[in-house]
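Have a look at the structure below before the remarks.
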Amino acid sequence: MHLLLSQSINLFAAMLLIVVFAMISQRRILRVIHLFTVQGATLVASTIVVGYLTGQHHLYYSAAVTLIVKVILIPVLLHRVIDRLNVRWDVETLINIPTTMLIGIVLVVFAFNLALPIAKLSLSIARGTLGIALACFLLSFMMMISRAKAVPQVIGFLSMENSLFFAAAAATNGMPMIVELGIAFDVLAGILILGVFMFQIREQFDSLDIRHLEKLKED
Amino acid sequence: MISQLLEILVALILAPLLMGWINAWRAWLQNKSAPSLLQPYRTLHKLFHKESVVAETAMPLFRIAPYLVFGCMALACGIVPTLSTDLPMAPAADAIALVGVFALARVFSALAAMDIGTSFGTMGARREMMIGFLAEPALLMVLFTASLITRSTSLASIVHTLASQKFVIYPSLLFSGAAFLLVLLAENARVPVDNPTTHLELTMIHEALILEYSGRHLALIEWAVALKLFAYTCIGAALFFPWGLAQANAPEALLLALPVLVVKLAAAGVVLAMIETVNAKMRIFRVPEFLATAFLLAVIALLVHVLLGA
Amino acid sequence: MEAFALVLAIPLFGALLLALWGHRNFAPELNAAVSFSTFLASAWLTEGIISDGPLLIWNDLFFIDPLNVFLVALTAFVGFTTSLFSRPYMRIERDHGKMTPNRMRLYHSMYQLFNCMMLVALTSNNVGVLWVAMEAATLTTVLLVSVYRTAASLEAAWKYFILCGVGIAQALLGTILLYLAAERAIGGGDGALLWTHLATAKAQLDPDILSIAFVFLLLGYGTKVGLVPVHNWLPDAHAEGPTPISAVLSGLLLNVALYAVLRCKVLADGALQNGLPGKMMIAFGLLSVVASAFFLSRQKDVKRMFAYSSIEHMGLMTFAFGLGGPIANFAGLLHMTVHSLIKSAIFFAVGHATQQAKTQLMEGIRGLIKVSPTVGWGLMLGALAILGMPPFGVFASEFLILTTAMRDLPWATPFLLLALGVAFAAIFARVQSMVFGETEAKPLKHPPALLPVFVHLGLGLMLGLYIPPYLVNWYQEAARMIGG
């Protein structure tokens, strides 16, 4: 049982990686939100497993915070936003998914090489997954800069935050509670603000396309 | 030796039945009255007794191709450990050779299709080669992942190692499995990549390839198609559900392995029929993306294995 | 102890109060009063630190040492003077129809919350809480930058949020790696992120992890400092937000971000012992100075131009701290102080100038000295001060930085001199034509608050001529802490 659980951490890590890749290649905004919810749930599951295996009970609280903020509150907020903005069925034209995927694979290899020396020194049982966490971080970063619509861009940002939480759980058995709470609060506040922004952007530009936001350039 | 011959024999017999089983299930799932399970045998029987008509411009290649394709597929069924992992030819014919055998059959059927010079044949050949070009790397990646886990490229020893060790969760095999399923659908001309039951001219891939064949040539090709599906299903079953195969050449172990194989094939058939029912055929331009996904999944699986060692 | 509690509690309480009454007619005065109380509390705190030495309180969660106490005082002071400036400025904006009562409420409340978050970031002993406070300060300024709700301000705020979000995420990764190293060296738990604990055990931190962690921390907090090439948000946010916000962004927030970098550098230096963090800061700093000088000379918008000037000066400070050693660190700290004072003074003057001319484009601003001589003189003197003319403080700090660079890093000095020259020519020519010349603009309805401008300029002048001995002591002690 114990053995299977510790192997399941690897499984969750791999699932996070797949979910990020799926997010990058997903055209429908609604599905991106679903994928984000799945990512949060996977994060919760892996945090609980790490907490159980290491006996670090504060990880349960961390998992609970993640569950409330990233699996329930933020997806609900995002659903309301896309409903109110009427972009639920929006499809974003993504150019050249295969190229993006290839870059993604290169990023994974890079992240692994970056994590290798760190992971060796980690005391955590899940240290092997640090490379995956870094890879997810870089891939979310790529998603954030490659998307033109506001909602996927924001989800890229959130996914980055998720990857970092996973990195924290993987490499260090979780950050101190006060820091995790603070981060969760910041993320939630940030999403609320961005949600309000989306309405205003739409009011100003009649579209949620971030490409409209390129007036301020150096001249 | 006996096990390998037995495997080929079982494949030759069971392959059309698998086809019939999938077709029957698909009909049931779609609320149609199903054809008999034995329908593929009847079709083969009928075709073998018909005269085969060959175009005037056909080169000998056109006549040889069906035999070659059939031979390749039968050989493939012999390489894949369907019943036993104790195969005498295993060291010579490993996973990479298997992919080579499939590629050989593909090249000959494409050449034969172009040989006649009809536009449909050429179109089918072109599409078939495109799919093969995209699917083969993904298939190789899937096999490599399994090879890396077990440190062997021989299918028999891969399956042997996987089946005999204690149960371990391999995320890499999970993703490989998903990638393999996509490759299987594409390589065997199933929905959503191709529709095996249609002769709708513009969308067909595989049917365009064999449009000029008739009589015993067509029978051989149909049989080879069934064998190919059988081989792929068995590879999937062996890699991802490796339990129940005979470890030694003992007759009673082989006898025990046979029902296990039948059960696995039956389950796989139901799954395939379900996939074909719930999916619609995709546009041909989307196929590269479909196969790129398969390739990506396979590469991620490989990376996950290298990164996590699992 | 009580003084410290007040320093954090007053702005927080003020934010709540202004969330209720921020739209009332007396709100700007209330805002100034809260800021003034914060400043008094910080003065009390400073006095206590001078007499009793460093402070470590509340389960070691907060601490005051020579490095941050002068920044606390500076932050509270500039926060106060900016609130004085914002009083007439925001009234005029309201009369121009740019601010509705709701926006006024948001503006005032967020202004206090922003001050509070900066003070938390400065005094937090926990590196993780430092991150949280930085992010919270970012969020409040995002709201402040977008307060006009125009297309351009929304764009600036969105860019600001996204770019700083990326940056701050990198800083979080760096913090996680730092925690990982700390867990190995001094054990896990809440204590492992406390800066004082980390600083005593810094030699045992693993150098491999720390070098990667510092790269991420420098990139992350460097985004907020506005270092090239991660500076893109800064000119937009400065140009499109209300001018008081431009003043506190340049004068305070960038300092706080640089302060975070410095705290991390101390740890990385202790662990690595090879001067790599300093070299990285030198590279980033030099690049920022040179690149921003050239960007600066191409600007048409006055606030954008001074925003680039802020990048230039932050780059110069980063360069100085990268050089390390008592003199360069001293110069860096001095530069931090005078830059805050003078850059905010410039933004005060610029704010009134743009309100008079009703445009931010420099070609539309003419003859300031005719319409209101004080604004004109304020801008002229401020520009001269920021360009490093003696006897202002900037001259002293730049002189120190340049001489240290000439000694330690001779090849870098020509680049610095070139950049400073380009910036001088560009800013001076523009400011001259804005201050002098003919105009038909009318004086403003509410009398501009020019006391802050001249107080800041006066302090900047004083620091150039004479630095009080206790300030010298502090700087020296802080410079010793930064080390390098």
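Chains here go by letter, A, B and C, matching the order in which they are written, and residues are numbered from 1 within each.
Criterion: a residue touches a chain if its C-beta (ideal position, glycine included) is under 8 Å from a C-beta of that chain, and two chains touch if they have at least 3 such contacts.
Note that the structure is predicted; figures quoted are calculated from it, not measured.
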Labels of chains that are neighbours to chain B and to chain C: A
Distance-maximising chain from chain B - centres being C-alpha averages: C
Chain closest to the assembly centre - both centres taken as Cα means: A
Pair joined by the larger number of C-beta contacts - A-C, A-B: A-C
Cα-centroid distance, chain B relative to chain C, in whole angstrom: 66
Centre-to-centre distance between chain C and chain A (centres being mean Cα positions), rounded to whole Å: 31
Length of the line joining the C-alpha centres of chain A and chain B, rounded to whole Å: 38
Residues of chain A defined as touching chain B within the complex: 4, 7-8, 10-11, 13-15, 17-18, 21, 25, 97-98, 101, 105, 108-109, 112, 128-129, 131-132
Contact set on chain C toward chain A in their complex: 126, 128-129, 131-132, 135-136, 139, 142-143, 146, 149-152, 154-159, 161-162, 165-166, 169, 172-173, 175-177, 179-181, 183-184, 188-190, 192-193, 206, 208-209, 212, 236, 239-240, 295, 298, 300
Residue ranges of chain A touching chain C (in the complex, touch as defined): 114, 117-118, 121-123, 134, 137, 141, 144, 150, 153, 157, 160-161, 164, 167-168, 171-173, 175-179, 182-183, 185-186, 189-190, 193-194, 197, 200-201, 204-205, 210, 212-216, 218-219
Chain B residues touching chain A - in the complex, by the definition given at the top: 167-169, 171-172, 174-175, 288-289, 292-293, 296-297, 299-300, 303-304, 306-310
